[in-house]
Each structure stands twice: as C-alpha cells, then as structure tokens.
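Paired with chain B in one complex and with chain C in the other, chain A is shared by the two complexes that follow.
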Partner chain A sequence: MTEVGRNGTDDKARYALERARIDASCRLPTLVWICSGVIWLLIGSTLALFASIKLHSPEWLFPDVSWLTFGRVRAAHLSSVALGWSFSMAIAVSIWQMCRLARCEMIYPKMLIVAAVIWNIGMVVGVVGILIGYGQSVEWLDMPPVVAPFLVTGLGIVAAWTVATFRNRREPHVYVTQWYLLGAMFWMPWLYVTAVLVIFGLDITLLGMNLRFSPATGVVQATTNWWFNHNVLGLWLTPVGVGTAYYLIPKVIGRPVYSYYLSVIGFWALALFYSWAGMHHLIGGPIPAWMASASIVGSMMMLIPVAAVALNHHMTMRGHFHHLRYSPTLRFVVFGAIAYTAVSVQGAFESLKSFSEIAHFTHYTVAHAHLGVYGFYAMIMFGATYYIVPRLTGREWASGRMIRWHFWLTAIGITLYFVSLSIGGWYQGLALIDANIPFIRIVRGTVPYLMSRSVAGILMTIGHVIFATLVVMNVCGFGRSRSGPTLFVEKRVTSVYEPAALSV
Partner chain B sequence: MDRGMVIFLGALLTFTSSWLGLVLLPLLPANSTYPVLSALRVQYQEPFIEDQGGVVTSYPRPLSGSALRGKAIYQQNGCMYCHSQQIRPENFGNNADIKRGWATRRTVPRDYIYDKPIMLGTMRTGPDLANIGVRGYYADWHHKHLYDPRMMVPGSVMPRFRFLYEKRKIVGEPSIDAIELTGKWKADLEAGYEIVPTGDAKDLVAYLLSQDRTTVALPEARE
Partner chain C sequence: MSAPRFLGALTRPRSKALRMTIDDFIVYAVLFGSVVFFGGAAVLALAWAVRDGQFQNFERSSRTIFDPHEPVGQLTDRFPDIRRDGE
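== the complex of A and B ==
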C-alpha cells in the first residue's frame, strides 16, 4: 500500500493527484467492461427468472417455443452470468486495480476495448447459439465451440496486458491483490484452452497446415470438464473476488491489512489445493477412485487458505465495523467476504462422502453454487463498481436510497435463495436415497422451495435493475454531483475518505 | 529472484500439478511402460468383447443412424440438466439407484467410451436415464410423455416438447405413427386431427431406447 507521507498534507495531495491521473487514464476501457458486465447481468437475470419459473410451472412462459425450453434457457443463463457478467466484471476491476497498484497510468487502453468487443461478439454468438439449438451440453462450455477463438483472443489480450502493466509498474512493492490478479490472469487462459482442446478437440487448416487434436473419449471428458469448471470458480473468480476485497476493505476504512503472512498462506494454499478439488462434482460417478479421493483431500485442505483469508479480513475490519452503516462499497464487499467463508466451509464438508451421498444431484448444490458466484462474487463486484465508477466519471452516485434498495433486495434475495433451496434440496436428497419413495413424490416435494427461489430471483432482479439504472445515470451524467461519496445514511463525523469532508 | 518471477513460478508449479495429474495423465493410454502410472489412469478404454459359443458380445457399441441423430436432439435441448446418466455403487445412498430399478449394476468408465459428448449430468430433477432403454418404457410411452409429460405422469414438472410433434389433419387413413392422446388432451384435440412425431422426435426416442448400461455385466463393475 502506498505509505502516508512524512509531510502529511503535501504527500496526501500528491498521491491523490496521482490516483486521479491513473483513474482518468483507466476511464474508457474500465467503463466499457463494466457496461458489458451490467448488460449481461440483466440478460442473465431475465434468463434466470425464465428458468426458475419454468422449473415449477412448466406450462407458463411460452412452453411450446423451442428456444425457450428449460434445458436451453438454463444453459444460456449460466453462460450469460458466468462468462458474460462475471468475466466482464473480473476484467473491469482487475485492469483498474492493476493500474492503481502499479501506480502508473493505463497502457494500451485501446487493446482492452478491442478485447471487450471481441469477447462480446463471442458471447452473443454463443448465447444465441444455445437458445436456437446449438448448445453442447457440456457444463459451463455450452456455447458452440465456434466462439472459442473469440473468447481466447479477448482473454489473451487482457492477460498479456496484465503482465505488461505489471512489468511496467512504478511501485516496487507487490501487494497481495496483485498476486491474486496475476495468478488469475495466468491460470484462466490455460484452463480455457486446455478444456476446449480436450473436450472439443481441434481440426482446422491454417496456412496450408492441418492442425488436429483429437478430443478425449469417455469419462475423461467429464473429469476435464469438472477440473475446468471448478477451477474457473477457484482460480479465476475467487482470486478476483478475494483480491478485490483485499484492496477495497483497507481503502475504505483507511487501515492496512492485518497480516502479511496470513495473506501469503491464503494465496499459496489456494493455488496448491484448489485445483485438485474439482472431481468432487463426480463423487460416486464412473471415475477412478483415486481422483475422487484426491478431490476430497483438496476440498478439505481448502479450509486452510479460507481460514487465513477470513481471519485476515476480520482482523482488518475489527473496530471498524461501524463503517458498514455508511459505505455501500464496504457493505457489499464485507457481505461477499463473509459469504466466501461460508460457501467455502460448506463446500469442504460437502465433498465428504456422507454429505455428498445426500446432497449430490439435488437443488442443494445449486444453492451452494449461487452462494458462491452470487453471495460472494457478485456482491463484491457490486461493491467494487460502487467504488470505482465515481472515480472514473468524477460523478458520485445519484441516490444513496437507490443503493440501499439494491443492497437489501439482493442481500435478502440471495439469503432466501440459499435457505429455501438448501432446505428443499436436502429433503430431496434424503428422499432420493430412500428407494421406497416414488420419484414423482420427491419432485412435488421440491416445488414449494423452487417457488421460493423464484421469489428470491425476482427480488434480486429488481435489485439488478436498480443497479443498472444507477450505473447508466452516473455514466450519462444524470443525478447530482457531490463533493463527497454517496453513503447509505448521512455521516456527521469527519470523513475517513480522501480528501474532502462530507457535504450532504 | 524478483517478486514477479516468484509469483509466476509458484502459480506455474502449483497449477501444473493438477493439470498433469487430472488432465494429461488420463489422456494417455492406460497400458503403458510404467505400471504405477498405468494404475492411476482411467482403465479399460477398449470395448469388452465376450465370445460365448460363437455368440460375440461387444460392448459398448457406438450409436448410429436414428439413435445418433437423437443424441444430438437430447444434447441441444439440455436434457442433461435434469437427468443424470450414471448409476452410483452399492455403498452410496443405501444402494438406492439400483433399488429404484434404475439398473442392476453400477456404471463404470468403460460404459461411456463412445459417448460424445458424455452427459453424466449433475442433477436429478428427473430420474436417471442411464438404462432407460431397458426399463420397460416403449416408444409410444416416450412419445406421449415428450408430447406432454403431465399426460403420463401427473404432477411432472418436465417441459413439454410439443415443438417436436406436428398436429395435422387426417387425410384418408390416420397415420401409423400418430400418438394416442388421453384424458383432457384427447378432448382438446379437434376431430379429424392427429398428432404425429417429427423425425426429430423419432430420433430422440430411438436414442432413449438405445440407453443400456446394465445388461452386459462388465467384470470391473463387480469390484
């Protein structure tokens, strides 16, 4: 972290000016990626509502339209929120943080915009492709393989940019967030290329040369698939989310991270253990026993880095929890960080056989998944947006009240989602392993919980619409310009934010 | 060694371990020079062939013709997202998979060597389909069920696939393929009309009827 200068005010002003210059240089590419994310969030939320409602009320919402059948809508939803929203936001927050932490202005901004365009072409072709009947039925890789070159190129440009920015840095100290982001940018392209080659293969003729790579056969497709899917969560979304929390929490409360050594343990233990855990999605399935066992070991060992991160964040926040009353950024990010601990602990135990026996194949795992990608990741991305956008546009958020609504709708929404599906899924699982219970009875038993999930989804979607409205208002210049940050409620003490005091 | 290099090497080495172990190693052929490595790989990638008095059983068999086209319909419509295609072993969940009549044995890697893509599934919103072809559901049942699941299973939440069926006027004799509706569905159909499966529907049903991962008792499934 940048040190507070010896000559207090002079240095503070100098650093503030430096930050403002960096933010100005980051403006267009970061906003482009954020807008990409927001659009995919709205598309993904709509698809989510369709999928959720169709699951308990299959006669509603155009049951005879082929491109809206549940199987396609569900796959399109996942691609939209996982690859559209989540990836766009990951890139947006990463490029801004890398510039800030390198303490240099953004290099090659146009390349990042080109990457956004290429990425989104791939995404549109992919999601539309799924809906019109070209879905691949490979989890997280449903989009037709023709989009792979677009995604690889877009991601590759951003990854290369990240390395170039790091090497170009002026700040010698390498902050923990940079380890996480560098790790993520290194791992993700490798994961994607490997998965696409192994599962879909390659057969193209380039410049007269025929390049062939035969795809895997049989269960190796499944093991590679789940190695990929799980690592997207843990070696891409998690580093971006946790790294962002490590940056924003100290920024907002004005205190440094509690322990350097805990952050070291947290990062390296994640890197070592996480990538072995992916096979826990196939426990009980037709895979070699050693893979299943390795995945359980990896999953349980994850308790170590998760504890390190949780402890570090908590001790950093200790004595400063009262700021949660005021700061939107902090509230979203801390919610996300707590959800991270919860979902990771749950996940570790979920991999144990006696747990997996019951929870596997049920809505319980869907609840767990959403606690992770939404409760943890999406909430942190919301918090990051609330911090970053005003620093790019020079305009504060138009309404603290709207942010409050966004927070409560999404927080209550994901909590209702998680609780209702976990309970429903657990009962479903207990019934599935009792062969005396007729299957249709089990299905009917889940319906009330699926309906609760739809209610939760409606709350969350309204929250997203409010969020999108706020972003559009800020970017387009609507709303009041303020001299201090937009907070949930008025604050009467002198601000901890830089540099001016509040005026409400 | 500067910080960037430490991060790079560390990220490389930690990641490479799982990439080698979980991805690369299983891709190599099972029977190879090093017995230890051979034991770690996915075993039995060749079909099981049994010759009993001149009757040769080769299992599994790759799909072809109508069933192969039907697999594409299954894939495109995301059936996998509600239906699994794997049977868990006896020590899982009170042996419920087998007790429910979904199979007579667990599934093993060799059952899937010709599955492209493999659609093991991770949800059982609907029943497992690994052996749906040999569980007594005949083609006509499948057509009626796909046309509207609630006609065959009241209370089902499965989507209906009417877009795979054609409603047309009966010209002369009713079609031999026409499906027989019951209850309110029959009442809703106007006189002189029939519901006929499209080629896609017939292919999908052929695929479903081809699903059998239990009749041939693979030796490794008894371990």
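== the complex of A and C ==
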C-alpha cells in the first residue's frame, strides 16, 4: 500500500472509530428518549381514535364513563402526542445530533436519563390528571399546573446539557443544524416557563417565604396562550424538524446542502419573524387591532425562511430523488420537508383576515395543525429514528417491508386526514357565516368528513403500531447484527455510491 | 398581596385608568424582562457568530458533516432488504 493510500485508510478508520465512539456514548440516553416517545405515540394515537370517533358517534364505547368523554380524551391526546411523543423525540434526535455535529462523546449521559424519568413522571401525572377531571381549559397547556415543575426541570436539564455539549465541542464550525437545535433548546424553556407563570400564576412557599402572584386574566391570558401554542410549533418543533432535515438529507444522499448561505438566512429569519405569528389565531377576537396586524405581518414574513428552506431542500435533492426508493430515512424526511413547505405557505395565507373569516374556528384549522405537527414534524422524526437507532444498537431493522407499510399507512393517513378535514372545514366555515343555516344542520354536515378523519386515524395508528414493533424488535435484539463502525451500510457500500449496482 | 415598599411609586393608584397592581407589574416584568433577555441573547449570539467567522466560507461549512469515512457521494442509508451485492 502506498503512503497516500495508507494515510487515506488511516483517516477513514480514525473517523469511523470516532463516530462509533460517539454513537456508543449516546446509546442509552437516546434510546430512553426514543422509547419514551414511542410509548406516548401509541397512547396518544389510541386517545386520538377515541376522540375522533366520539365526535361523530358520541354513544360509541362507554358513553357514560366521564373520563372517556370527548373533552377529556381530546385534551389527553393532545398532551400525549405534543408533550409526550413530540418532545421526547425532539430531545432524542437533538442530543444525538449535537454529539455527532460537535464531534464529541456524550457528557453526563446519566443526567439525560434522569431528565427523561422526571419528564415522564410529569407526563403520567398530567395525562391521568386530565382523564380524571383535573385538566385545564388552556389549549396545549391542558395538564394540571402541578406537572409544570416536572416538565421545567426535565427540559432545563436537557437545555443545560446542550449548552455544556456545545462548549465541549471538537468541531469549531457550527453547522446550521446546530443553530436550529441551540435555538430550540434556548427558546422552549423560556416559552414554557413564561406561559405557565402568566397563565396559571404562582403560589409557592420556599424557605418560609411565600411567593405568589395571580394569573393574568382576559385578553393577556388568551394572547399569552396563543403566543405559547404557536411558538411551540415554530420555535421548538420547527427548528428541530428543519434542523434534522438539514442534517439527514445531505448526509443520506451524500451531497452538501445546495446553499449553505440560504440555510443560515432561513434560521435567522425564523428567529426574527416566527414569534410574532401566534396572534393570528385570535383574529376576530377581542384583541387590540395592532396586535392582530403585527401578527399577520409576521406570518407573511415567514414566507422568507420557508422559501429559503424549501428551495434549499429541493435543490439539494435535485437529481437524487431516485434515492427515495432505497432509503427509509430519506422517504420520511423528504415527505416531512414537502409538508413543511405546504403547511407554512398555507399558514401564512391563513392568517389573512379575509381567509380567517371563513376558516377560523372550523375543522380547517385542525387539518392545518395536523399537517404541520404530523405531516411535517412526526414524519421527519420517523425518518430520523430509522437513521439513528441502527447506529445505536448495532442492528439492522428487522423488516424492510414493515418500514414500507409504516410509510404508506402514515403518508396516506395524513393525506386523507388533511384533505377531508380541509374540505369539510371550509364548507363548515362558509355555512357558519350564513345566518340562515341552522347550526345543527352545519354540525350534521361535518359528520362525513369527521368519519373520514377516523378512517385516516386508524391508518396512522396501524402505522404507529408497526413502527413501535420495529423499534422494540431492534432494541430487543431482533434483526441482523452489523459489523463495522457505521453499523448500517459499512459492509456493502464502497467509498463512491453506485446506484446502478442496487437491486431491489 | 400587598406590594413591597420600594414598589409603592409604581403600584400606587393615581387614577382608575392608570392603576397597576403588583400582579400586573409582575406580568409586565416577566414579559418585558424575557423580551429584553432573549432578544439580547439573540443579538449576542449573532455577534459572536460573526466575530468567530461562522459566516465565512460557506462551501467549507456545508461539507463539515462529511469525512473521509462517509465522504461526499456516499449514500448512508437504505432499506434493510435492499442489497447492493445481491446477497
């Protein structure tokens, strides 16, 4: 072997070993958070089915059991999937990517496991609390306020760990994904603490001193609520989802991001404009006119980062779309990236007053929210899981066919969900502004669309069961063992990828 | 809840329209304090990034996720039942 060849081999081995060590150090905390997310996904999906079916068939299954009524089950579903599944996955994916991008082994892994335990104690108390009647009538903050200390502590530990890892990094350059993840970890604790303090107030006794102030009331409470809700999507789920796509798409296809410049512009534009957008949910409500107008401007300005991200992802994938056939990760992540563009453009125009006049307070908004949180965010998290878990466990996924079923069930499910509720919601909105149409007729008119939603929910839930089965099988040792540091394609792929050599 | 003495000037009712309770004050403090703190943090982060050269040489930046073992041009993910070598 020549000197150059030997150095090249040494370099490859060194980097492979480094990555293997990083993955090994992340194994337990990342898997704990992923398993936590998967469990909450299954719980949330079951609750979602209950809620969906009860909306068109209220007499179905234990109509007299109070804790299974629509109001409670729907709030429990929201908390399970929003705070259980989405947050757990955000943390799992973030901690793994932070270590990978910082090129350092995980520090304080036990801290992250403790955070997961604290977080899940809070979640169990919160979801059970909602079901037994202690829920709050505050959207996205439905759980009893007693869980707030658990969630703040869990999130605080993860945020502190992120800062410590960033300071410990060996890679001096901050890749765009890290910007997004750092932003998310910085924004979310602030959002949550501020919203809880302003909406629920505070009443604690610490070292003999009573610290208490009353919650804000009226308009301030409502505006804080929607500032929080919308920013959970925009300043937590969006940065984690978009940041993950910025890592996985180039990494999977082996091509640098089309325009790094645009990716940086996208991040800072998101940071600048997104937090203005939440008030568009209160258009038509008793909020100051300037507040609604500022929010509409912020919502429309969001077209800048969205265009930057959409253009970048599309141009990065250009000429590589055939890889969707081969890569499970890419299939989910690209679906999520397309949904991100769609939901963001839709959201910007949905904020306009003339649009809100019809679509507001209808099922149209529900469809929009699910396109964002599920079509965009959850799909990217599925893709990330398919990429990360084999590298942590050293085992291949047990069945490619099951992954394909998972993809098609969830992709068709969310598409059916979005289309049916968007059409139903629009007709509902048109009918609601017509004073000549009796309200009960409008309610009856939505039933076919709600039934379509239940069918879509069943498809997605079956997909989730398949996904959970795959994760459990992988973690429990089913599936071929991998050798070599990358654990996934090491033995089969030479240094230059040759698509023509693949056989399906 | 009564206001501490040093907050008296702020919380003393001057007229009905301008009355501010201690609770109102805390809400405003939380809101404006967090805006200043986090807005300031964003500005500091941006200034640090510029000073540190994070926005120079975008071509190199975009390639930091690749290395000699997983270089540009290599696909790093595929379905488990897809074989390159017909295995």
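Criterion: the second predicted complex is superposed on the first by the 470 of 504 C-alpha atoms of A that agree within 3 Å, B and C clash if a C-alpha of one lies under 4 Å from a C-alpha of the other, contacts with A are read in each partner's own complex, and residues count from 1 in each chain.
Operating definition for what follows: a residue touches a chain if its C-beta (ideal position, glycine included) is under 8 Å from a C-beta of that chain, and two chains touch if they have at least 3 such contacts.
Values in this document were obtained by computation on a predicted structure and should not be read as measured data.
Of the two partner chains placed by the overlay, only chain B lies in contact with A:Phe166; chain C stays clear of it. In the superposition on chain A, contact of A:Tyr386 is made with chain C only, not with chain B. Look at A:Ala16: by the touch rule set out above, it reaches chain C but stays clear of chain B.
After overlaying the two complexes on the shared chain, residue contacts for A:Trp268 are found with chain B and with chain C alike. Touch criterion met: A:Asp434 reaches chain B, while chain C stays clear of it. Of the two partner chains placed around the shared chain by superposition, chain B and chain C are both touched by A:Ala216.
When the two structures are aligned on the shared chain, A:Trp190 is found in touch with chain B and with chain C. Applying the stated contact rule after C-alpha superposition, one finds that A:Thr365 touches chain B and leaves chain C untouched. Applying the stated contact rule after C-alpha superposition, one finds that A:Val198 touches each of chain B and chain C.
Under the contact criterion defined above, the residues of chain A that touch both chain B in one complex and chain C in the other are 174, 182, 186-187, 190, 194, 198, 216, 220, 268, 271. Against chain B, the residues of chain A that register as touching in their complex are 54-59, 63-66, 69-72, 74-75, 133-139, 142, 166-167, 174, 178-179, 182-183, 186-187, 190, 194, 198-199, 215-224, 227, 231, 235, 268, 271-272, 275-276, 278-279, 281-282, 284-288, 290-291, 294, 353, 357-358, 360-363, 365-366, 432-435, 439-440, 443-444, 446-447. Chain B makes touch with chain A in their complex at residues 3-4, 7-8, 10-12, 14-15, 17-19, 21-23, 26-27, 40-43, 45, 74-82, 84, 86, 88-89, 92-96, 99-100, 106-127, 149-150, 153-163. Of all the residues in chain C, the ones that touch chain A in their complex are 1, 22-23, 26-27, 30-31, 34, 38, 41-42, 45-46, 49, 54-55, 58-87. For chain A in complex with chain C, the residues that touch the partner chain are 8, 11-13, 15-16, 19, 101, 171, 173-176, 182, 186-187, 190, 194, 197-198, 201, 212-214, 216, 220, 247, 250-257, 259-261, 264, 268, 271, 323, 326-330, 386-387, 396-401, 403-404, 479-480, 485-486, 488-489, 492-493, 495-499, 501-504.
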